[in-house]
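Once you scroll down, you'll see the structures, which are given as structure tokens.
Look for chain A in each of the two complexes below; its partner is chain B in the first and chain C in the second.
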Partner chain A sequence: MDQLLQALVSGLLLGGFYAVMVLGFSVIWGVMGVINLAHGEFLMIGAYMAWGLFRFFGMDPFASLVLILPFMFLVGYLLQIVLINRIVERPHLMTLLVTFGVSIAIANLFKIQFTSDPRNVAVAYNGSVQLAGVTFPIVKTIIFGVALFIMVCLHLFLQRTRLGKSIRAAAQNKTAARIVGVDINRVYAITAGICIALTAAAGAMLSPTQAIFPFMGPPFTLKAVTITALGGLGRIPGALMGGMVLGVTEIFVSTYVPGIGTNLGVATSFILLVLILVVRPQGLMGGLRPIDAEAE
Partner chain B sequence: MGAEPPANKSTERSKKKPPFPLLAPVRSLLSGWTGLAFWLLLLLLLALYPYTGVSSVALFVGSQIFVLVTLASNWNLIGGMTGYVDFGHAVFFGIGAYMMGILVTGTPLLISPEWGFWQALPVSGVAAALFALLVGLPTLRLKGPYFSIAMLGTLVAMREIARVLRPITGGGVGLNLPPLLNRLGDYYLMLAVMGLVVSLIWWIQRSEFGQSLIAIREDEIGAEMRGINTTLHKIAAFMIAAFFTGIVGGFWAWQNTYIDPDVVFVEARTVEMVMMSMLGGLGTVWGPPLGAVVIYYMEDLLWANLFDSHLLALGVLLVAIVLFMPEGILGTLGDRSSTSLGRLLSRVGRSK
Partner chain C sequence: MRNILSQLSLLLIASLLLTACALAPPAPVDEPAAAAPSADEEKIIYLGAAVSETGKFSREGRDTRQGYGLWLDWVNNEYGGIKVGDDRYKVELIMYDDEGDPDTAARLVEKLINEDRVDFLLGPYSSFLTQSASAIAEKYNKIMIEGNGAAEPLFERGFQNLFAVLTPAGNYTRSALQLLAEKGAQSVVIAYEDTAFPTSVANGAQHWAAEYGLEVLGVETYPVNVADVSGIMSKFKELDPDVFVGGGHFNDAVLFIRAAKELDFNPKAMVITVGPSNPKLIEEVGVDTEYVIGPTQWEASMSYADDYFGTAAEYAASYEDLWGEPPTYQAAESTATALALHLAIEQAASLDTDSVRAALRSLDVVTFYGPINFDEKGRNAGKPMGAIQIQDGEILVVAPSNAAVTELNYPAPPWKDR
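Presenting the complex of A and B:
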């Protein structure tokens, strides 16, 4: 019973992280229909930035979000203007190939800069708290809290502000949005900026809990696709739900299947993904655009 | 920007003449039987090449290029002709390499067969083809980007599985194969495999089978309406591509004498296959081999001058090719025969 409760709590905490990790991916896909295969690499950049700030300036990973968020917003904004806006109207395959190329380039750039040695961010509060017989790792609990906060902020931004409304308008009907005077290219660039900043923030928060290395990205990209398939495109409650489902599944597999450890997390999410896509191509909650005859 | 009515696009396209009219005779020579004749002549010259007394380094370089040409042509069969862009094709390479490694070393769990190279090589290919059947049955039902991502997932997942199955695969430590150096044998073996694969692609493109694959790429539902068994065709093409990729993987493991999950299940190898095909011309017969040779020498140059950053350059190059040359070398030179995937890529506007 205790083991079950513990697994459930660990899974939910992990799910909170997954939810904030997937937001950027899911919103980019939902708003401009771009599947960003370099998603995991932006997460990796965030983790490296947190590591650098911690290592050389003694900055706490959560405090460093203040610097990482605006910087990565700029990176995302520029990337969108320079690269992605040129091809966003083309077939999906093209953006897929371009982001794939970007991901390889970024990962290898970081390998050259920082070698492939794993880096660690050893924060002082790396312990855990016992509560009603369940262990709560402090860092992961903080991540969970910050993740919820970020999700609420993003939700309010998209629902209440003028800019958020124009982003949603661009997602729903690009032509109509253009007619009523939304500058699509600017909206896309701002969306990409926000999404990539959020992704890097997730990476920064992840940095105290796992080793950082240049090739850590692809598993996260894969998990992001799975969660998006589970929870739907660009929906914040969907991302939370999908993240929780994946987190709990992963923890349960590693708890109850002996001799496997957490390494098979990727395989789990992959099997989940293929199952969902084959059984329900529109995604579990619907909303994935069924792409028929993509080559058209 | 991209919101022009579709009628405009089609008239604009029909008016557009193929560029470089001077190259028209070359284009017509490359198509059909004369193309095959040139290919066989080239193979013959390459077979005579070792008799000119070249060093073993040159033979090694030769076999490496043949490996790349074979991989590119294989990828082109599923990615270019059938239009299923496979981001995880290196998984078959890895399966083949591991099959070879397991069979010739005999790991603790299996009743160590310790086979020879020649017995293990076909098994590597068959294992990869069977794996393609297993994976293809669910994933080939997915369309467009979903297929690409599912295959990328297969690759990442297989890497983790190979790491975890320590009793069979040696886990992260990897497998050491018996080192037997035979550069001349390697050269002729890969020359034969390459000759076979490219000739096969040539034949497939002319056959009803290949035309069906192209029909699937252009309009899958339409192809099905015309009575083409799309599932069977896709699976068959996938298995053929996987079989030869597995053979190449097995050979590579033997030549490299060491494999672990991080050297055989790598995304970079998939990127190479995609790039070689795209650079040459997706869906053409002679494009991918041409692209493979160009990429090999380009990488060689980068490797010599920039050493560490050649993969970085590869990623940037992929972006550049997609942006500026989506039709590949042959397509840009005006070979309109079967590069329509590239043309589709460069067209503005999404599917309905």
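Presenting the complex of A and C:
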């Protein structure tokens, strides 16, 4: 019983991280129809920034979000204007090639700059607390809390603000949005800024829990693809649910399959991906795919 | 439906591209200088090695490169070249980056043999890569001498050309488990990466645990490049063992220690391969490394010495002069690897593969790294394994008793009392 509860808690905590990790990927895909293959690399940049701020300025990785978010917003905004806006309405293969190129460039730049030595952020509070017989790792619990907070903020932003509404409008029907006077390119740039800032924030939060190295990105990109397929495009509740399903499944498999469980945990996400594509291609939450029909 | 299909094909393309990333051709790390064509010019022995500069083994790969590099620097500049009969040969070492990938390692070894025409091969870092690299060396009948592949199956393939200066993996945990059993430990759990070297370590650990009367409560494996081991650690927490044995590489040591603390998993001792004997672990993880025990092939405080590098401590000093950091045992065994080849070539007084192989077989020397004496399978039969424990941020030898500098601290206090 205890083990079951523990596995559930660990899975949900992992799922919370997955959910915030996937937001940037899912929203960019949903709004622009761009599959960002450099997603994991932006996560890696965030992790390195947190490491640098921790190592050289003694800054806590969660406090460093205050600096990382605006900086990476700027990076995303500029990247969109300089590069991605040129390919948004082109065939999908172009966007794949460009983002793939960006991912290789970033990973190798970081390799040259920082070598591929694994880096670590050793925060002092990486212990745990016991609550009702269940162990809550402190860092992962904080990540979970921050992840929920970020998701609520993003949800409110998209639902309530004028800018958020224009982002949704652009996602639903680009032509109509243009007709009513939405500056699509600007909306895209802001969306990319937000998404890349969020991705980097996820990386920064991840930094105290695992080793940081230049080639850590691609597995996260693959997981982001799975979760997006699970939860549907650009939907925050979908991302949350998709993340939870993947997190809980991975932890359950590794807890309950003796001997090789952890190996299977990694395979799980791909098995899930295939199952979903076969059984429910519209995602578990169903129905809504806000991708622009013209981009198809 | 069209929509779904195009989504599907997109996903396919995306995953293909990501896979392609892993298969991209490697960039050469060290272009070989043009070979000297004329016989009047300096005589040169060409050595080749594929060693990780990037990828999972980048950390240990660098130690390996630097270990080879120290010997290279010494043999060319100080020793004046390898003596072969009456001639002195300078040495040129060609190294490529295998990216931690066994296929790449195999391809690069083939390139070293066929294109760069090297005379002898030095091993890569890790058993995982040595497995594929040594198969190519065997195919072309080139001697590969290595100091970083300790897995037992490497030596069960009947190869004639593979020699290893290090203690084989099955014995890695022996002295640590023996000592822990003497201190009263009763039970043990084992987690290991499902590749050659950790598997041999884990099989050895199970063997020695039984030998010393420790009950094995659980055994778990995990894949290469694992990002999180908390699933394994929470399972082990339920079992409440006295000793945790982790078989993996540097990065895994970080994950094990972190997950144990996070989950409040309190074994009385943690024995982890590879990581603990590297000072970088203390630097990266900090005080949580206290009490962690690790097997060690070599430490600078051990009492071995030779005529070439002096004592182990003197070797450590010259290494630090050259590279600006103290040597890990991976670095020392890499230097010892090159030194063993050097001695065999001098003994054979020839560059011929058969003569050098015979010389390696009969080699029986003591070096700064320990005794080197190859058995019929190419393993170094002469050298025992040591164990270290991290105490007050220092790496101190606790076993075997004749090399120990301090007592083992056992049991380790639970995380919340530290």
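The rule we apply is simple: the second predicted complex is superposed on the first by the 279 of 296 C-alpha atoms of A that agree within 3 Å, B and C clash if a C-alpha of one lies under 4 Å from a C-alpha of the other, contacts with A are read in each partner's own complex, and residues count from 1 in each chain.
Operating definition for what follows: contacts are C-beta pairs under 8 Å (C-beta built on N, C-alpha and C of every residue); 3 or more make two chains touch, one makes a residue touch a chain.
Bear in mind the structure is a predicted one, so any value in this text is a computation, not a measurement.
For A:F100, select first, second, both or neither according to whether it touches chain B, chain C, the two together, or no partner.
So A:F100 meets both chain B and chain C here.
When the two structures are overlaid on chain A, which partner does A:H92 contact: first (chain B), second (chain C), both, or neither?
both
After the superposition on A, what does A:I142 contact: first (chain B), second (chain C), both or neither?
neither
Quick one: is A:T209 in contact with chain B, with chain C, with both, or with neither? Answer first, second, both or neither.
Touch status of A:T209: second partner only.
Does the superposition put A:L67 against chain B (first), chain C (second), both, or neither?
The answer is neither, since A:L67 touches no partner chain.
Classify the contacts of A:I81 with the two partner chains as first (chain B alone), second (chain C alone), both, or neither.
The answer is neither, since A:I81 touches no partner chain.
On the A-aligned overlay, A:P219 touches which partner chain: chain B = first, chain C = second, or both, or neither?
Touch partners of A:P219: chain B and chain C.
Determine, under the contact definition given at the top, whether A:L277 touches first (chain B), second (chain C), both, or neither.
Both chain B and chain C are touched by A:L277.
Name the contact category of A:A7: first (chain B only), second (chain C only), both, or neither.
Once the two structures are laid over each other on A, A:A7 reaches chain C alone.
Please identify the positions on chain A that touch both chain B and chain C, taking each partner from its own complex.
Touching chain B and chain C on chain A: residues 35, 37, 92-93, 96, 100, 103-104, 111, 218-219, 222, 225, 260-261, 263, 265-266, 273, 277, 281, 296.
Within the complex, which stretch of chain A touches chain C?
Of all residues in chain A, those touching chain C are 2-3, 6-7, 10, 14, 35, 37, 92-93, 96, 100, 103-104, 111, 115-120, 122, 126-128, 130, 135, 137-140, 209-211, 213-215, 218-219, 221-222, 225, 229, 250-251, 254-255, 258-263, 265-266, 273, 277, 281-282, 289, 296.
Which residues of chain B touch chain A in the complex?
Checking each residue of chain B against chain A gives 1-3, 83, 85, 87, 138-139, 141-146, 148-150, 152-154, 156-157, 160-161, 163-164, 217-221, 267-268, 271, 274, 278, 308-309, 311-312, 314-319, 322-323, 326, 341, 344-352.
Enumerate the contact residues on chain C facing chain A in the complex.
By the definition above, chain C touches chain A via 2-4, 6-8, 10-11, 13-15, 17-18, 21-22, 53-55, 58-59, 62, 194, 218-223, 225-232, 234-235, 237-238, 250-251, 254-255, 258, 261-264, 280, 284-286, 288, 415-416.
Would you tell me which residues of chain A are touching chain B in their complex?
For this pair, the touching residues of chain A are 33, 35, 37, 83, 86-87, 89-94, 96-98, 100-106, 108-109, 111-112, 175, 178, 218-219, 222, 225, 260-261, 263-267, 269-271, 273-274, 277-278, 281, 290-296.
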